[in-house]
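Once you scroll down, you'll see the structures, which are given as structure tokens.
Two complexes, one shared chain (subunit A), two partners (subunit B, subunit C).
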Partner chain A sequence: MEIGPILRALWHNKLGAMLIAVQIAVTMTVIINAIFIINERSRLMARPSGLEEANLFHLTSVGYGDDFNEQVTSDDDLNMLRQLPGVVNATAVNAIPVSGSGSSTGVRIDMDDRTANVGTAIYRVDEQVFDTLGLNFIAGEGFDVTDMRYRSSAGTTDADKVVMTEALAAILFPDLTPNEVIGETLYTDQVTALQIVGIVERLQAPWPSWENVESSVLIPEQFLDTYSLYVVRTEPGQRDQVMRAAEDLLAGSGADRVIRGVNSLEQTRSETYGADSALSSILKTVVVTLVFINSMGIVGLAVFSINKRRKQIGTRRALGASKFEILRYFLLENLLITTVGVLVGAVLTIALSIVLTTNFNMPAMAWYYAPLGALALIAIGQLAALGPSVRATTITPATATRTV
Partner chain B sequence: MFFYYLRLSALSYKRNPVLSTLMVLAIAIGIGAYMVVFTMQHTMGGDPIPHKSDQLFHVSLDTGDPERDDDPPEQLTYIDTMALLEANRAYRQTATSKFSAIIEPENPEIRPFASLGRGAFADFFPMFDVPFLYGSGWSPDADQNREQVVVLSQETNERLFGGNNSVGETIRFDGALFQVVGVLAEWTPIPKYYDVNNGPFDEGEELYIPWYLIVEREMSRSGNTNCWKSIEGTGFQAFLNSECVWIQYWVELEDSDAEAEYLTFLNNYANEQKALGRFQRELNNNLYDVNEWMIEQEVLPDETRILNILAAMLLAVCLLNTIGLLLAKFLGKSAEIGARQALGAHKGSLFIQHMIEAGFIGLLGGLLGLIVAYFGLEGVKILLGNARMQTEWMHVDTTVVTVTVALAIVCTIVAGLYPIWRACNVNPSIHLKTQ
Partner chain C sequence: MLQMNNVSKVFRTDTVQTSALKDFSLTVDEGEFVTITGPSGCGKTTFLNIAGLLETYTSGTYLLDGVDVSQLGDFQRARLRNEKIGFIFQSFNLMPDLNLFDNVDVPLRYRGMKASERKPLIENALESVGLASRMKHLPAQLSGGQQQRVAIARALVGSPLFLLADEPTGNLDSNTALGVMELLQEINDKGTTIIMVTHDQLLAKQSQRNIHILDGRISTGDQAEALAPAAEVA
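After this line comes the complex of A and B, so read on.
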């Protein structure tokens, strides 16, 4: 092996070698952190909301005029929607998971200790919500039609039952199993006592980036105002037709109201996560670009350094070096430079990761990112150097005898 | 001489086309990518009203929960808003909050539609330099008398009156008639710095009415409402008397004396309220000017800031790449440089020659970088997919063009300094011998 000569040759052109090493180090820093961010965002986007999203859509009705009757309209609407062909069920709720807008409140189990409040999303729902959204009970049960309460939005709730998510139950009752939690009492900010009747496996809060995103409560009440939000579940594959039919049906029903916000859950999800998926796409472009620039830089400098040493290569060939030995020389040279680069790069990668973790709401990078990234960059470096190195082997021994 | 050197640069480019093209590409991509992020950040986080951003202040009163150690509320309670309005201590002032209403057009061919509006005071329009197409804002008397007047956005006027001057007409929403007093010209500040708590990149409102009407008519409010304390009693009046925050309060103060005076006034007010059992936390009232408030509210998304860091590093990689390639290129010219020196070229003129050569490559990189930036921004717009952004947001203007090309040339010359220095210090005798 010719490590000694390689090192001496590199020392002769130390700045050029150093530049490539630093370039590889910075490239690695950006690429690895970018890939980590991409993976992190896809993990966030892949979290299930607890809903059977594929077959759900929602629409909003806003009434106006003096003779608009909220409760009657809402009941009529739901009945009409449920009878529409292709509809499995329909429900009225105050907010949509993952949509970015909804209500939150604080809940606790000790009535007098306000500091023990746990932040949670609050869904005001009807008794059909569990079936419509496809929520999965792990303990207890949902609401009955007799549990429903109707009130104006300015008052306080007089509902007396509540269903919560498993995640929230685990925070409030760390020592109890889900079945033991059933029957316990929950207090809201408004000091209303609610009896816990059921626990669902999962129902995300409307704000995906919220720290308590898995904490939700469902309360059997509806506000009597001119605003109604309906979620409709359709037969598989019929969502888009039913969505249009439902809009026409409600708009043509004669009541003084406006129908808007007709969206499938999938659309709502992609709007909410728009910034995340945009960031991912931009970062993917950045990664590809950097790999390209970095490889081009390696190729360019390898071609240059081989051209500069044509005579020396010819001489080595004339003295009996095989083509393979020439190839090995340049690949080894690249390996040495790249290795220094990725070692520095590993340190920089972790440093940038720490900067991002401390300044932005991001988790720490898993340990294997840096070593895997280092291996990948070494492989890319070798691939980039392969072309010029193979060309170097074609230099004939006769070159040694010619003067430039 | 300059043009001679420029021709030499072009010749040198041709002699080493691969190396040179690689450099141009690296600079173009680095600069282009950086300019995309620069433009994004420039539009999202730039000063939206530079000539008076230090005179407009968002009022922050700490009426928060004494048992918790969280940030002061972002908005004001109704009680405090009314107190500040009555005191009337600022040069200009406005309370503001959003509402939603169904507009019922008189023309039966236009179906009723839902719209978002903003309640504000007469001062709102001059404070934020709101431009008018027809008419003007309402008078302060209209505020006091709770007159049912309305200012329409350009879009709403287009929809309801086909873009004609509608001043003096009436429109029906929230079940009542409102007289149009003004129509805005296009006004879409980005971000919506006058309301960063309710979606800083959302669309502007479609209607503007005297804010008192929201309360008096108990209109359906829109926008954030936060209550740390349960509302005592039921009904709208109970809500108004509560510690719920839902109103934003802006004041215009002409100089720092006025600012100090107003803050003292706020603190005195808070101390009076403390005696009544409110403002239970330590005194922590603040006036934030437009830019301070956007920073305080973290208007610039994390995504943009992360991208800014990464884009700067990408530019660094491209420049390192350029240094390496320039070094290779210039050292490859050792023989030519040796010959020039032997024929009497000064180091100074060699230096200038290579500066121009580096600058030439930078210029090409910058021009190509503009194309990269243009397509990059188009790509970002498609990714963000927001109709508003498609039309008005983020475009390559003269500032961006100048900055891009200048940055490319300067960066390349800076990156070239060491290679140039090395090239100028070639020992001519060695290179002449081998020829």
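After this line comes the complex of A and C, so read on.
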């Protein structure tokens, strides 16, 4: 093939080729990093919370007045909700995964060694929580009614059982299997001893970007204050109508309280991840725009350089070049320019990725992004150059003698 | 070697129809040096393009080296051009971004030869036109006469059956033109057939045989007769 002469000819026409190569390098740098960020966000958004989100909604009840009795109201509410047609189960919890608000604590297995505390989300729940949220036990079991404790938020807990996530168990007991962990004792910051009775496969902490997002504990206790948060699981497909019915039901129950924050879990998730979705959309637009501009630049350069060389092309045809050889010449020329562009682009891509990783707390880009991006840009370049190159093959050999 | 019988060429556009060649019959034998003359627009380039397989013709027959070229497809015509024909153009048609070596290399690359085979051929061709020392130069660094010599080297490098030249001296001053003409004579003396279009009556007189075209036909009139004795003198 004619790589040597093409390179030498390009060398005499450096400027145009170099501008396109630089454009390709910059395009690659931006779009590969953008795609990495988009993928990273999608990966974060796609992590399961551990809940059967599609059929869940939640609502809060805030009581007022001196006569308000949290425990009675809460029990009544849950009973009413569970009897509502279309409801599978309902539970009272202090926080919801993915919602962005909740509590955390430090837990350890050696009572005296506070430095060994592991940060974890803490869910204060009732015994119906596992069934309602759809949590999946991999060892042990949940709570029953006799495990439940009620206290004021200022007091210390006298709950004595705990369920934790598999991820937290793996941190605390790296050498034990989930079944071996059952029966071990866990200490919280309040130096309360909790017996581990169950391990669930997954239950995310309420803060999706928290580093310990997979670490959660569930404790069978309820705070007695005026605030209750209920999560309701409905039959498939009935969530929205049950949600409205539940709101009406509780609001009309006669208790001194207001019902607020009626929301499906899907809605809560999309609000929590709203900024991420928006960023992804913007970056997708940037990627599409840059690919378009880049392709137009390549098409432009190809059209320009082919029009400028009509007589040369005719002469090459006269000297024996087949149409295919003309096509190959221009595709090869594009390939060489693009290759220079993506080689520079790969270096810039990795450099930008390092800057983003060190300054913006992003994970490191996987090794295959740069080479895959390079291949994609080469493919885009060849596609963009294909049209003009095919047109070049229609230049007749007589152009050699018929043009001045 | 080259045999045209009643070849006609009609250019059709939306509005007009031009008969560039009319019942054109010509046979050129191996070793001949034929010049083609005639007024502007009479069909000289058209004849040369058809002879060189750069253009197709409308009717008649053309046998190149015994092969009926009307049956050939685009790819085969390109192969034949590459292997049998050397082209020399009025404005040289060198690749401005390639040095002389790469320019002469162009037709050989389309022949699919190895670099080691091409190199001595290119050096010999440039040697034979007296430009072996300028191989790394770009065309723009040469005079017009030198550029045309490079083009001649490029036409010769593949040892074609014949050379087709369309006013090869048209862009050169008369002294330089004579030099190029001498070179072509030398090449012809060594056995290469040459068909050359020219406006220059003096150059035409030097050739063995002059074909005068008038309005798409070979003229048997006065001018051709008049040139004939002169050609014998030369």
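Basically, the second predicted complex is superposed on the first by the 401 of 404 C-alpha atoms of A that agree within 3 Å, B and C clash if a C-alpha of one lies under 4 Å from a C-alpha of the other, contacts with A are read in each partner's own complex, and residues count from 1 in each chain.
The rule is simple: contacts are C-beta pairs under 8 Å (C-beta built on N, C-alpha and C of every residue); 3 or more make two chains touch, one makes a residue touch a chain.
Keep in mind that what you see is a predicted model, and the values were worked out from it rather than measured.
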First (subunit B), second (subunit C), both or neither touched by A:A46: neither
Partner chain in contact with A:T396 - subunit B first, subunit C second, else both or neither: second
Touched partner set for A:A278, first subunit B, second subunit C, both or neither: first
Touched partner set for A:V303, first subunit B, second subunit C, both or neither: first
Touched partner set for A:L319, first subunit B, second subunit C, both or neither: second
Which superposed partner A:T27 touches (first subunit B, second subunit C, both, neither): first
Partner chain(s) touched by A:H12 [first = subunit B, second = subunit C, both, neither]: second
Shared contact residues on subunit A - subunit B and subunit C: 404
Interfacial residue positions of subunit C with respect to subunit A in the complex: 45, 48-49, 52-55, 74-75, 78-79, 81-83, 87, 89-91, 93, 95-99, 102, 105-107, 109-111, 138, 154, 166
Subunit A residues within the subunit C interface of the complex: 2, 4-5, 8-10, 12-13, 311-312, 315-325, 396-398, 400-402, 404
Residue ranges of subunit B in contact with subunit A within the complex: 18-19, 22, 25-26, 29-30, 33, 67-68, 100, 102, 104, 111-114, 174-175, 220, 227, 230-231, 234-236, 238-239, 301-303, 305-307, 309-311, 313-314, 316-318, 320-321, 323-325, 327-329, 331-332, 379-380, 383-386, 418, 434
Sites on subunit A touched by subunit B in the complex: 15-16, 19-20, 22-23, 26-27, 29-30, 33-34, 37, 62-66, 114-115, 152, 154-156, 189-191, 225-227, 256-258, 260, 274-279, 281-283, 285-286, 289-290, 293-294, 296-297, 299-301, 303-305, 307-308, 352, 355-356, 359-361, 403-404
